[in-house]
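Each of the next two complexes has subunit A plus one more chain, namely subunit B in the first and subunit C in the second.
Moving on, here comes the complex of A and B:
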């Protein structure tokens, strides 16, 4: 094949590719996924404990409910007053204390498994919403501290009550930082 | 008009792309576990196939043939198919996030659905005009969708059936696909092509 033919072929392919690229770029601008940016911003303020104390299955469903106006902003005990204040600032509402019906605000905490008493029953594993418990049947379990959100959901299934929650020594949890950040 | 009808019946039933040409088997087996996903896949493939056959007709007759670049056919068609699939994915994600989630990885995989490229190549090979190309593409997609939906319904029923342990999963799926292909041979005398 001669050189001009190669150039022509390359040029044609490049031109077609450029045209398709431009069309796709235009379409990507027009067909935005109708994800609500407000939901994302509310979700970013929630503590991501996935504890379900707000009566929603997790933080994101609660964010969705807030964005739709189905739920008030005072249903998140793990986030405490800091989260309510941040949400109030974002949504332009008045801050208020966390509704006691959904639980008491607590300082950031992590679960701790007393390995002397753990019988390796694996019942706490499916309860953990963030898979922070390592273990298998008949092996002693332990908690990955950096993953644990302190949601307390592993407490009820434990038959020997070997799990306890300990306060985090310093406020380094990412959710606390997110809750403090200006909206 | 009757030519077009014959073409449509031929592409959708007699020479069904999945069951007698054995093109597009990966989505046929991969997305037929659940009926809703299969329905979404059938619709998405239908859109992609029709658009891609129209576009590849345009590229073939208005760009490649005048310039004498017939040998670039496959490359250009793949490019067009990929672009149309991307467009479909954007469209589905914007209109129905649920369907987008259901289809998952199989939506981008329409790019590698050989039925799509096969239709574009057959259109060029058989020198269909624009209308014929569109009808052929839509009919091939309808045939693909029909086979996919029937197969998905069959597999949902099979899930509840008392299948011998050795046949569970993929084996019984492949056996029933083979039986469906046999059944589709019954369309053979419908329209000679």
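Moving on, here comes the complex of A and C:
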């Protein structure tokens, strides 16, 4: 075995390694995925009520906190135990009940504004995380029922307490099935 | 032609139709008290728009639709509203809100019910009239006819297919209709062509109904109408399967026929539209087959909506030979009822009073032996045995991949399963749950997008405010300095 041959081979391999390393480094910078895929996948399992009961300002921030390991998976009362189970399956942890410190699971509800009492202060408008309240200063406000998540975030800013939450009828069996049945 | 027009699966079942067809359509007596269900079968109940004690006439609107896929409801009798209450219904939910109208027997028709000059009306107005009249699919789903026709218009469909296949055993209300009132079906088809913008219409009838085909051919004068015989196989009348048999086109996964330029309506719905344009009568009656060995004189009755099924049975000679089960719908897809004090709705096309002789005793369930018979008969081309395994394992993604949503719940797999596994019932439950989940996912995605827009806007507003503040401060400083 001759020493120059070994040196030459080492040199060639080192050069290839350096080149590939540079290419990988460039690719890691330029072709980075737009978002953290784990955060996306956690966010996809959350109910998107944006209610903040987990003490994070919305579902996505909570997903971010879970992904970073800052928050546990049992903080989402609207999602209930089903969401905890789904998160546990995704993250390979043990499922557990929702921590009661963050609230109890409630039946589906929507906000309702008593238009007799609403003074048109517009304070609830920015509080609504999904822009489900329409109104303008000194005009009566109302809730778009189909968009409301029932998060209760509009309650604290209301100076006259004219917003209340009403239970929604629970959907059990959709009839989409019947629509396709043969005649 | 006829031999080609069938799909390569399904079942050949004993029809049991001759029994009810021997006498022709008979008018059922008006109910003394009509229980008008707010949910006529679409699953989206209307909201009562009348108070207890008010007087109504035949055809008076008594409830309005509050959902895009629901229909308004009209009174089937003249009289007084005596209560608005929860009552047993034929819907999957069991009980539902009903408006109870006491019939005064006067038979006065609401003056608002007027014939329509549909040919001179713009299509959107015809659609609005059809919706207002509460006309819904009479093939069993009670989906609003106007919504379907409107979707057809939006997608610029060219081909309207009228479903006269009526493949399910026992049911023969459409066959009786086509035999006796073919002109109504064809007139309804013409109105539907006008309303939907489609250019031609095929009326598809199974080839075991030669009288119906002959009657339709004799009544067809419009060159845009074609009457096609399709192969007799269950479930030839399922929408996707029918459209495939007639046009050779398949409807994509999670899509509806209008996306491929097709529109499908039941022949009974067409006849209801014809009655609306000729007499102004809204959806207050339907033809219903009352049959089975358990009734005296099986027949097709032209009955008012809201008539209790018990009264329909009486009109057909009452019960006999100890019926064991009362089924709303056919024996493949129908629902067994707990009581006959259930009012007729638009979705109930048939009532079978089945005696022990009509019912096959179903033995205990046994493990799947993976024979594959279910896959051979599945008209949707699914693999029921694989679906069932995924179901037992609770593997939702796998269920999705195997196309659970495309199951039409026809019951063919059940029928042939040698292990007597109640596949359809399980698929039905799983489909209901999975469609709920699908809707939840769609809603979550929608809410996420709204939240993101809200956040972005709030951030922009805060930024604009900060900039305005900085500007003001700079200006104030420069003024002080200058």
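Definition applied: the second predicted complex is superposed on the first by the 138 of 183 C-alpha atoms of A that agree within 3 Å, B and C clash if a C-alpha of one lies under 4 Å from a C-alpha of the other, contacts with A are read in each partner's own complex, and residues count from 1 in each chain.
Note that contacts are C-beta pairs under 8 Å (C-beta built on N, C-alpha and C of every residue); 3 or more make two chains touch, one makes a residue touch a chain.
All values derive from a computational prediction rather than experimental measurement.
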| item | value |
| --- | --- |
| First, second, both or neither for A:149, with subunit B first and subunit C second | second |
| Touched partner set for A:71, first subunit B, second subunit C, both or neither | neither |
| First (subunit B), second (subunit C), both or neither touched by A:131 | second |
| Which of subunit B and subunit C A:31 touches, first, second, both or neither | first |
| Shared subunit A surface residues [contacts with subunit B and with subunit C] | none |
| In the complex with subunit A, residue positions of subunit C that touch it | 41-44, 92-93, 139-141, 143, 163, 165-168, 171, 174, 234-241, 266, 332-333, 347, 349, 408-410, 428, 431-432, 435-436, 439-441, 443-445, 447-448, 450-455, 458 |
| Subunit B to subunit A touching residues, read off their complex | 59, 63-64, 67, 69, 72, 75-76, 79-80, 83, 86-87, 90-91, 93-94, 97 |
| Touching residues on subunit A, where the partner in the complex is subunit C | 43-44, 46-50, 58-60, 126, 128-132, 147, 149, 171-183 |
| Residues on subunit A engaged by subunit B in the complex (per definition of touch) | 8-9, 12-13, 16-17, 20, 23-24, 27-28, 31-35 |
